[in-house]
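We call the chains A, B and C, going by the order they appear; numbering starts again at 1 in every chain.
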Amino acid sequence: MIRTLQIDAAKQGLHDITGEVSNCVDQLRQEEGLCTLFIQHTSASLVMQENCGPSAKRDLEKWLNRLVPEGDPSYTHTLEGADDMPAHIKSALTATSVSIPILEGKLALGTWQGIFLWEHRYAVARRKVLVHLGN
Amino acid sequence: MIRTLQIDAAKQGLHDITGEVSNCVDQLRQEEGLCTLFIQHTSASLVMQENCGPSAKRDLEKWLNRLVPEGDPSYTHTLEGADDMPAHIKSALTATSVSIPILEGKLALGTWQGIFLWEHRYAVARRKVLVHLGN
Amino acid sequence: MIRTLQIDAAKQGLHDITGEVSNCVDQLRQEEGLCTLFIQHTSASLVMQENCGPSAKRDLEKWLNRLVPEGDPSYTHTLEGADDMPAHIKSALTATSVSIPILEGKLALGTWQGIFLWEHRYAVARRKVLVHLGN
């Protein structure tokens, strides 16, 4: 079973999609399995991160923004704006796909673990994440 | 089939878990398939790395410790100690899940390839890695 | 079904392997499924990246080469040459495995999304990527 999630992630940063993915798993009604997420973009990515409070997420975003700054004079891929090339680099450093086992009918996440879409651009209307549910 | 590995990774750095994962694959008794690992934490991660001698692992650890240092004045998520926020960042830069094909009943690893749990914190009693074995 | 791709990636940088992977999916003749790639090396990796024009790829390569330079005095794993340790670090920061859903018999890639083997060394004859095709 494959589901397509349409995520409104208009703001740069981490967007919690654990609820949307869990809903897909609930529809599967299967005790055990594997849930694989795939994001159909190269300027947004997936990351598993602490879901408890905003500080870890905020520090993580700030840190990566500093590692991959806008306006690097070495960039030549700049037609779409200052956030374009940093977005591609950030995507390459994080995940395009993540697989999470299903146990007792639920995503087998750790206690503090959430699933996040990491939007690296400023103004994108909608992102697509495919959810593959297998045995 | 899903198995839970409990890994004692009390020391910061790379811990070879290839043997533990191979044992799970042996129990499956299946010629072909896919073995997917998922770590249930956001301050430890998974990495495939050279399994021959300690120098590549040591250099890799040293390099990442320098890229993501403790005591960065921009961190606000510091309640659990100086190793807390660097651990979350290092986890985001490496893998939470990895999938390895099974061929002739064995993990189809490259000659020099090992599976490592990368512990990013100093003193954690035990880490959980789920092993999903599918067709 | 598992196929082995032999990729000639003699030059450092991103090599588009979308066509080779699509060929494997075509042979499967299955409407829905999951295609998982696994690279059997620790000095080359996989990355999903923009497939339109060379500028994003070139900037990405240049950026990572600057982040992980050759000749870092802290490296001890230097026996195989100046490109050896940077290759291991770059591999750890990018992906060893990627899973892509199959929809309507095709890889469900985004419009601008290509699959790349990222060769991190200078002179390697051939790389092996395993393609697992499942339900």
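The working rule: a contact is a pair of C-beta atoms (placed from the backbone, for glycine too) under 8 Å apart; a residue touches a chain by one contact, two chains touch by 3 or more.
In this text, all values refer to a predicted model and were calculated from it rather than measured experimentally.
Two copies of one chain, subunit B and subunit C, form a contact in which under half of the residue numbers belong to both partners. Copies subunit A and subunit C of the same sequence differ by a rotation of 120 degrees once their CA atoms are superposed, given in steps of 5. Separation between the centroids of subunit B and subunit C, computed from CA atoms only, is 20 Å. In subunit B, 67, 93, 95, 99, 134-135 are the positions where the chain touches two or more neighbouring chains simultaneously.
The touching residues of subunit A, counted against subunit C in their complex, run 2, 36, 38-42, 67-68, 72, 74-77, 85, 88-89, 91-93, 95-97, 99, 128, 130, 132, 134-135. Note for the complex: subunit A touches subunit B at residues 32, 34, 47-50, 53, 55-56, 58-60, 62-64, 66-67, 93-95, 98-101, 103, 108-113, 134-135.
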